[in-house]
Each structure stands twice: as C-alpha cells, then as structure tokens.
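Accompanying notes for the structure given below.
Lettered A, B, C, D and E in written order, each chain numbered from 1.
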C-alpha cells in the first residue's frame, strides 16, 4: 500500500474548482514528480494534501488514514512536511529562528538537526542571525528546505525547490533530495525543471487543467514523444 | 560627472540625516530654554518637578496599557481600536468588584454595582481596603481577558487571514458596541472611586516648593513596572515568543510548520487583554474616578506610545509611554494647556516620519 | 458585420449599466421616502412635518453621500486609509467661517463674500490634505490610519483652544470661537427668498412671499420650504461630485490609483510618480470633504463637537455599507446610513412611545429597575428603559458597531457587491474590432 | 390640530428639550422630572384639557439640541420648554425656535447673552441672568470671605464665559479685588491638573469654578490631589450637585456656592408632588422649581392663546403671569388653565416666585441661595437678594 | 491641487524605443564602481560593467552574488552607497524608480508582484508611458478627455496583442490575484513590454515558466532585440544563458568576476568554481 494515496480528488478555492478527479500514489520511500504547464493545478495538489484548499470530494489517505478533513498542524505531526512555492520563509525572523519554527511541534529544538541542516547549506550557518527577508532569493529557497527538514518527515512535499537556484545549487539541491530520499523519506515534488526532475524520480505525473494527463516512470515520460512535445519543449 | 554623483549621494545622505539633525537641534534648544527659564525663575523647580511626576505617572499608565496593544498588534497584524474600551471594561468590572467587596453588607447592592455608591463613605484606598483592591485587580484581569477571548471568537476569528484594515474596521465596531453597551447598562457620568482623604500622600521638597505623590500614584508606578518586566521575561525566554513573531510574519507558513496558530492567538489575547484590564483598573485607581469612555479617550495616546516605541516591542511600549507622557506634560512649559494632547500627537507623527520602525522596534506592519 | 453587432452590444450594455445605477438610486430614494412618509404619518405629523422629515433625510443623505464619495476616492481607489475625515471637514468649515462671517460678530470673521469663503474653505481643506498626505507618502495601512486620526484631533484641539478663540493677524481680528464654536454665515439659499439674505430677521422678498404664501396655505412653514429648496440644490451638487469622481476613477489616473492600492513599488517601477498621485488624491478628496462639511454646517454653528472621530467613523460605516471602490455604492451607502442608521433609531423611539404608554416618571432610571420586573413578566419597564432617549442614543451606536462588524465579516464588498468599475476611459469588457485572426 | 378657541378642552402640545446626558447628566434628570409634573398634573385631573409632551435629549451638546429641536418642530410642537445649558439654548433658539416661530422658555439657561438676543421675542427664561449671579459671587468672595485676590476656572461655553466675566468685572471694579487668572476648560477631559496649575499659579485667595458636574468631579479630584483643602473655593449653580462630594470621594468643606432659588407660594405643593411621583426630594436640586414654572407658564400661555401656534403662545407669555388677574399657583394650575382658555385674566405665581417677564424675556426679580456641601448633599446657608 | 503631469518630471519621457539617440555607439547602460551594503553585509561591492545597445546581455552569478540588488540600485528602488549609473548618456544615479522608468529603463521583480485586484487587462494598460489620462484634469474635463479616450483605445488594442502573445488573452478579464505562479511571471513581462522601454532588466523571468512557453518567450526576446530593445537578463538556467545571451557578465560577491562570450565564460575556471559547480 502506498504511503500517500490520492483518489479522485476534487478541490479548489472557494467556489472555484481546480482539481478534477486527480489520482496519485506515493509509495513509502518513493520519489515522485509532478510536471505540467503553468496553472495546471500542481501547487493546488500539494496544498490540498496539506489541508489548505477547499475540499470538494475524493480521498487523501496517508499511511492508511484519511487526512482530507484535518488541518495543517494535525497533518504535520503525522510525518509530512511542506515547502510552499513562494513566501516560504518567515521574513521577519532570523535564519536560526526560522529553523526553530520548523521544529515547533517537537518539545525542544534538536541541535543535531540544526547542525545537519547547516551542514547541507553552509550559507545558512554563516547567516544564522540575519533576517530571512533580506536573504537573496536562492538563500531563501535553501532556508525553506532547511526548515522543512527539521522534522525529519516521512514524506516531503516540495513545490519547485530548484526555482531561482544557481546551476551548481540546482544540481546540489537535486542531489540533496536524492539523499533525503535515499535516507528513507518519500518525496513528492513539483518542478518546472521537468527534465531534471523526471530524470531523477521514480514516477512522474503530468497534470493538465486539473486532471491527470500522463503517468509513468520518469524515464518513460521523458521518452514519450507527446509529453516531450507538449511540456518539455522538444 | 563623478563629482555630480558624489554630490547626489551626499545630498541623499544629508537629506536622510537632516531631519534627525534638525530634530536634535530643536530638542537641544528646548532643553537650553528650560534651563534659562529655571534660571530666571520663570519656571520654578517645583512646578517642573510636578510636570515630570505627572508625566511619569501618565507615561507608565500609557506604557502599561500599551503592552497588550503591542502584543495583539504584532501577532494579529492590526490596530485594535477596541483596545481603549477593553481598558474601560477592566476599570469598570474591577471597581465594581472593589465596591462590592468593601460595601456589601453595609450598603445596598444596586448602587454598588452601578458604581453609584458614594466613594466618600465607602472610603476605598490602598491602605484602607487593600483586599478589595487586590480582588478588583484580579477580576479586571480575568474578565477583560475573557471578554477579549469571547470577542475574538465572535468577531476576529471568522476573519483570520484578512487584511489588517478589515480587522481594524471590525475593531471599531467592537469598540462602539462595547462602550455603548456599558453606557446602556451603567449610564454615563463620571464615577468617583477612591476616598481622597483616606489616601496617604507624601510631599517631597523640591527647590522652594514641593511635589505631592499619592499612594495610588506610587501603586500604579510599582505595579506597572513589575507587570512590564514580567511580560518581557515571559516573551523573551519562551519559544512561544518566537512563535508569536513567526505568526505575525507569515501565518500560512506558520500553519504548515505545525505552529498551532489558534492557540498562539488565544494565548496572546489572554495575556494582552489581561494586562489591559489591569491597566484599566490601576489607571482608575490613580485617577480616583472613571467614565465609560476613559479608555477610548486614552486610546490615541496609547497608540502614540506603542508606535513611538515600535510596534510589537514591549520595552518599546514602556519607553514610548514615558516619552509621550513626559512630552505632553513638559510641553506645558511652553504651550498653553489646550495644546498638550496635540503636542503628544505631534511627537508621535514626527517620530513616525523620521523613524517609522519606532524607537526600539524592528517589526513593521504594512 | 460582427464588429457592428459587438459595438451595438457594447453600447446597449453601457446604456444599461448606467441605467441600472440610476434605477437603483431611484428605487432607493423612493423606498426611503415612502418609509419616512409612512413613519411621519404614524407619528401624526402634518404635511409640514412630513416635508420637513423628508427634507432632513435628503439633506443628510446628500451630505453623507458627498463625504463617502470623497473617502472612496482615497480609500476605495487608492487604498489610503484616512481616518482624519472629521479634521479635514473642520478645516473647510472653520476656514469658510473665518473668511466670511462678519467682523462684528463674536468671534469675528473677515466678512468676505460667501463664495470666496466657500472656495477658501475648500482650498484650505485641500491644502491641509496635501500636507497631511506627506506622512502618507511614507506610511501605509494602519500607521496612516493612526497618523491621520491624530492629525484630525490636532486640528480639532487647535480650533477648540481658547488661544484662537479670537486672535488677530495683521491687524485683522479673527476667531474660531474656541469650544463655544462659531456661528456661520446664513445659508445662501436664502438669497432666493429674502430681501436681505444675510439677516436672520429679514422679511421675505416678493418671490419669497409668494412661495411661502403658497406653501403656508398647505401647512408647510417657511423654514421648511427654504430647507427643502436647499436639499434639492444639494442633490445636484452630489450628482456633480459623483460625475466628477466617476471620471476620475475610470481613467488612466484612476488606474494608477488602483495600482498604488495594490502595490506601490510596482506602480513606481512602471514609471508612475506615486507620491504625486497620492498627494493629488489627498488634496482632491479632502477638498471635497471640506466642501461637504461646509454645505452641511452653513447657516448653523461650527462646533468642534461635530468633528470628533466618531464623525469619521460614521463616514466609514456609510462607505462600507455601500461598498468600497464603488461610486454608486458610496451614494447608496451615504443615503442608507444617514436615513436608517443615523436618523432611524430616533424615529423608532418616537413611534414606540406613540404606542406604548409609559407614564410620566415611570421610566426606570437604572438597569435594575428595568430588568427586575421581568421576573413578574412585566416587560414594560425594560421597554421604557430601552427606548428612553438616553438609551436609544447609546443603542444606536451599539447597532452601528454591530452593523459594522456584520458587514465587514459577511459582506465586505458592501450592499452593491463587487461591482467591477474598470479603471479605464474605454470599455474593457470586450475586445473591440473583432480579433478574427 | 388647530385650537377650537373657547373653554372646552383641547390638547396642548409642549416639547421638552433638555440635556439629561453629557455634561448635565447629574443635574438634568431632576429638572426634566420637575417639568413633567405639569402635564402629569393636567392629564390626571378631571378636565377636558390634555397636555401632549414629547421629550428630546440634547446630550448637553448644541448639535444634538438642534436636531432634537427640529424633531419637535416636525411633530408640530409650538413651544419648547428648555434647553438647560445656555450654550444649547442659544443654538436652538437661533436655529430652530426663532426661524420657525416657536416659543421657547428655558428653566436653567442663565447666561447674560439672552438678555440681548435678537429673538423676535420668542425666547423666555425663568431663572435670573448671571449678570446678577456674578455680582453675588463677587460680594461673597470679598465681603463675606474677605478675600482680595481670586482666580476663575470656567467652562468654555456661553454660560461659563458669561458668569466668569461677570464675576471678574464685579470683583475688580465694585470690590477692588484682583483677579490673578481666568482659565477656561472644556468638558470631557481625563485630567484638569494643568488647567488648575495655570489658574493657581499666583496662589489666589479664592478660586471660582464655573461648570457642570460632568467635569466637576475630575476637577475637584485633581484639585485635592495637588492643592490645599483649606483654600476657599466658590462654585456656581452648575456645580450644585449633591453627588459631588460622593464622587470626589472626600468632604468638600472649603467649597461653597450660589444658585438661583426663588421661593413662591407653590413650593410646598411642588415638593410634595415631586416626592410623590419620583420618590425623591427636589430640594437642593437646582432649577427644579424654575423648571416647573417654565412648563406651567407655557401651558397657561398656550391655553390662553387657544391654539397650538408659536406666535400666539409668545403673545400670551407675559399676560398669564402678571397683572391683576386671578392668582394661579401650582396648586390650582388646572383651574387656571381652564380660566385662561376661557379668556379670563390669570396671574401665575410660581414655585420660584412671581414669573413676571420683562422686555427681554428675563425675570424681573431674583433671589439666590448660598449653599455649602455637607455629608449628605448640599445645604442652603442663607438666601441672598442682590 | 497640482496640475503637473507625472511624466513632466526631471526625467523626460522618451516615447519611442531606442535608436533615436545621436551617439548610437556608446553603451546604453554604464555601471561604475557601484557599492551597497546592509549593515555588515556588502551586497554589491564595486560592480562595474556596461551593456551595449541591442544586446541580450546575461547576468549570472551564485545566489546572493548581488544581482537583484544591482537591479534595485540601477532602477532606483534602492540608493547606492557610492558609484554611478549612466543610462543613455544621462547620469541617473539616485533617481527614483518612476524617473528611471520614464527615461526608458524598467525592470521586473524576481518574485512576481502583481496587482491582485486589477484585471489582467488593467494591469497591462497601466504600464505604458506618456498616458495623457494620468493627468487629473485631462482625465476629467470634457473636451480634452477625447484625446484620453482615443489613446485608451490604442492602448487597449496594444494590450490585447501583448496578452495574446504571452498566451494570457483568455485571462484578460480575470483578476491578477487568481493567476498561477507562472502566469504571474508572464503578466509581469507583459507589463514591461507595454512600456516599450529602451532597456528591460529581467530578474529571472523564466523561473517557473513551463519549457514550451519558455522557448516562445525567448524567441520573442530575440525579435524584440532585433527591433532595438536591449535586455539585461538574470537567469540561472545555463542552457538559456549559453544559447541566447551575448555577452555574459558573471557577478560574484558583489563584483564582476568575468565578462565575455558564453563560451569564454563557461570555460573560465573561476566561473566553474564559483558558480557552475566546479568540475575543475
């Protein structure tokens, strides 16, 4: 049984329906990517899993339990973490405080996890006293990742983690994600850097206008002519 | 061209500092004039000391009343215009309690509850009825906090995530409703609370004259400082404080980080409104009288204090309160009485223009 | 061919749009008039009383509509949260008063002709608005709200100060009247009816005589006739202000204002001098507020009691009722607020006292006396207590608060709902010229 | 609702316009109560006459007074009993009564301004002008208390300005004293310590405070916090509130004051009535007697006029209260109304004495009480006739 | 009430794009010794470079190198501590953003900032320079308003064309707040195109844009370049930089590390180490 099972999900914002019968599976320790054109509803899938959209039907099961009715603070304790697409750091807090907030649900802040994050993103250690809002775009992205890793989740939702990163960091970010994944955390990722994402993931979904369009292994999607033509730019 | 640029940046530099420099000069001028006035006897040391005392007492009242406002301001990101009426509620319920505790048995209940009983015959003061005053303080804290939670549940909670201005408008509605429900039940008109003759006071000799400090002024000062320090410690040395700021910053992200946002908000109201209730009770104690709109009348000055100190900074609220209090009283040295409130507002506006983040604050709301 | 049809459609929809606003306002006016005529009849007013009631409703609605329109420009369009409305109103009124009241009255004025006084008042309010907007250049949101509120209090306290009760500049004596206030010049509508319009005791002119005579015959007294004529004039002024602001909004100028409301940095980066726009909006809006206040108080008293922050809140409530961002909504909000929320409760009280017989001296003076008898199922004391004038005025403000909360929670877009008044001088709803590539 | 002339019954319409909230929330209600005794008396009596009253609160604010006045005019009331605060009366007279031709009779507005008001004779009042009270206060300060320097602290409105100016004029010119400071204040502030310090900066022997209880409480609290309880303080009618020491929270032995107090034939009857209806004693409550009288005279004048028309009421205001007609007192007011309606001459002798209006609509005669604050309220020390 | 049009500022508006200037050979943008620090952090540290007319110049560098800050300094969103910015022969150091924009120099924001409660079409029509209707009196007074309406009609058509090109035309009447992340980026681009400036500074315009659309956009950049526009482009996607930009400037720790053709830059050891994730 998959860790995360989305079945026939309808969701949207207020009266506006965006997702129309979306199905998705993320096995435990799997690495899944969602790609698709702008506005397809990729971010909406992620937000729906985290209870941030208007639920309109279908089911979302995590670890065999229905989570579609729960709020984010409940969901996070079950082992999911989420890095939103934008606005993903506390701009007024220092870098360190941002990380501490990532571990808010724990009793104390585990110093070892902070260390681990610093190791992965040394710039954060250097800037730990700086207000997050004044970091560069790329630095903020790293901080957001770091914050989500503080809980050592079972499933990590990443909304365009490589956007705005310099090439070396893009590669590094993907490597880190691989590592995280290899260490046993399942990853569900939305990426516009579709080629790289599909190359690395186990399974990929192509989402168009709120519906599943294609679904296969990453490799297969990369090789699929229709997918290439429509979404990967030749 | 190079020199052009240099002048450009120099101009910008000077322009940025010019206001500050001008302000500094202005204050220095005032201080110099103050000494001149003292020297020539146009102003006696005793009356200056009187101004300072009045200003300090007012300042501590404002500071104390401002902490709650600063807390809710930073967390919920809106200027709560009902805050003044929370002050009033604190004063009213606290004093009804004090009246009942002192008077029940020897007086009729109704005038006690309506705060209509003669404060003279009741004879309440810190020395004659410390228990009544203590209980009044406790009740004012509890009831005001409860009221704030209730109002949050009914009014503000359904509006979570809306822009600050929408919440501000709702709070104006709350302010009107609360104030005039008080008026509806208790009617207008000032109420005397403490017994003047039973209140000890001390004359401190200053220069040729003296300054009178009453026990109630002293009580206000001591409790205000104690409560401020307590709050600071609470916020500074708990992760709760950081969580509060995180929420103030980005509520969505706080949510997905697993911060129980509702609980943080409730705790903030509880603390903030409790302090506000206490402030209302103590201010009424010091003044010895209250009206159903005394909190509202204080509100703008409290805002001034909080803004001056920097929204969201507890120390800022204290310092801001003192600055506003002293500025308004000391302005009497130069200005006619009718301008002292205006003077305090001018200080606030100038401050906002020169240093929008406040004296001590970092967080600004936009 | 299709282009033509499109054009025609656009014209029809535009016509209909304009028409539906007008129809809406008409329905509202008829409704309010019918309501208040009914209430007056219940209260047993004679024709004079009825006319006077409607006059007052019209007058207040017109004044509030103007104030709300002006505020809507600043807040609805530009997002500038100006809580200093009362202060700018005061500047308009007091300036007009000081310019135009006679040098012989107490406090003295300069005795300039009224048009100069009114113009001066409007300009002064606009200038003060421009000055007050300087903080607005740097501050947004609630900071601006607090600063403008403080500013209006400074204005009010200054006018109330005994220092300026009477003073002299350059040998001319002037005054605000301090907390006593100042009597303003007589209402200019009197020119129509009186020989010497400036004198309260002047006999009517021939025309006035004829008009008054006619109306007197059906029981409408001269002051009511005068006031009604004035109210009608005000309706035209409102129409003018409405047309002006509609044009301002539906133009590239209005578009920049909207952009400032949404994100000032972006507007700046796109080449708009946002500061200049904000100053203009403050000046224009505050000037109009000054004008509204002048028209409100002229012929009466300028008193600082009328310019306390509650007046500002009234205007805000009215704006929110109508719907921020919509000019038609502003007019609707002004009228609904003025007639139902502002005047309504007192009429309710009068009607209730008409039907419930509360003996003299039987009105309970405390809540206990009112609530106590409930135990024996006697509700009259509570009712008497509730509708006593003192408590009605308190409850009116409670009601105001509750309405405000309700609206902002459930209908923040106001009565009229989200009306997309697109900010352009041309129709944006369809792509003209049929792009049939 | 025109009148039908003769002696058969009709409805007399009288508006009451008084401040029972705001600055006069303490003094106002008893004054209103006193006025309401008149319609009560008539409507309870076995007569064909009925008095229709409508009450509007001015909240002691001019603007609200004007809108209340307009409401009364709308409802067709030809005469208004009120207002209380001089400031409010002045505005209501100018903006409502005079232009609409409504007769106004105030039971409490004492400012000197009304004597010279251009009112087409529509404004009357039952208390004496403060031009006299200022003299009385100056005499007390100078002769009775033996002071040579004084300061005034007065409410900045028509009443405060007028009375303070009258006192200053009399104290300096008639009694040769010096006034060290005259400081004005406005209602509703949280603290008056700065005004007090300005007024007392030269340490005058006596301080005159003119105002209403609304701010009086705060003023006296602030006074006792910072200044000696031994200095003589004089207050005017507006501060004759028995609740004051209770609200100030201490005894006010050093404070005395004056207020108009007429003594007419109807006092006993009035006191009894008041006691019976409201279960309270009207004595020590300023302007209650004048209030009854104002209402009574208006009703009589209306009866004599035979119609609910402002000008006609005005024209009868003087005739019903002077001359050698049948004497009418509060006790036989109802009979008086019937007589007046019949066209018989009547002469009303009120609770506060004769109510004979002069040219200006002012009272010809005046008496004042000199009062002090006691534990239970206020007590008259003596009555003074200037 | 003032009657000055917002564009009658000290920065004269230049209606047509590029090519009108006499000295056509001089670089369009010159940045000299620009410095800016925040507290202890020096974000831009003496950056000096030039952008030639009619190029798509790439600006790359590690995260935090100071690219966005440089944009802020050049366009007046922030004031430099020292240094100089010359645009088209004019020293514009310290100008306010609207002045720079009216002079023909505009930028997009790295994190898209859209005007939520305005429709997509209004967003687009907001941007153009020299709108007579931005003058309060002209917008209002009868008679002169005709001219405003005429101009508005033109702008409307132009806006539709631009939206069409960026595949946003089906959203023209939607509120901008309802757009997805990528659509917002497109709208931002639409707005600057509407200004018809001489030079556009693009801060990662392609991040988050779907690859198919990305290619179309790049095509459009080229054709605009051929029409005389000049671009300075910040982008992390090396494919884009390599295939579309010439020359490329590499910023590192606030100063220019290397400048040259894509080939040169790509093979420069320092760049490899500092930026590309050094297989040195």
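Rule of thumb we're sticking to: contacts are C-beta pairs under 8 Å (C-beta built on N, C-alpha and C of every residue); 3 or more make two chains touch, one makes a residue touch a chain.
Quick caveat, the model's predicted, so the values are computed rather than measured.
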Intersection of contact partners for chain B and chain D: C
Pair exhibiting more inter-chain C-beta contacts, C-E or A-E: C-E
Inter-chain centre distance, chain D versus chain E - centres from mean C-alpha coordinates, in Å: 76
Distance from the mean Cα position of chain C to that of chain A, given in whole angstrom: 53
Centroid distance [mean C-alpha coordinates] between chain E and chain B, Å: 47
Interchain centroid distance [CA atoms averaged], chain A/chain D, Å: 79
Per-residue overlap in chain D, given as positions that touch at least 2 other chains: 21, 186
Numbers and ranges of chain C residues touching at least 2 other chains: 160, 162, 365, 390
Chain A partner contacts - residues on chain B that touch it in the complex: 239, 242-243, 245-246, 248-250, 252-261, 362-363
Parts of chain A lying in touch with chain E, wherever the complex brings them together: 16, 36-40, 43, 85-86, 123, 130, 134-139, 141-142, 160, 163-172, 192, 194-195, 230-234
Touching residues (chain side chain A, partner chain B) in the complex: 50, 52, 71-73, 76-77, 82, 84, 87-93, 97-98, 100-102, 104-105, 109, 147, 151
Residue ranges of chain B touching chain C (in the complex, touch as defined): 78-79, 110, 113-114, 155, 158-159, 162, 164-166, 168-170, 172-181, 183-188, 300, 303-304, 307, 336, 338-339, 341-342, 345-346, 348-349, 352-353, 356, 364-366
Touching residues on chain B, where the partner in the complex is chain D: 47, 50, 54, 117-121, 187-197, 201, 212, 214, 287-289, 291, 293-294, 297-298, 329, 332, 336-338, 340
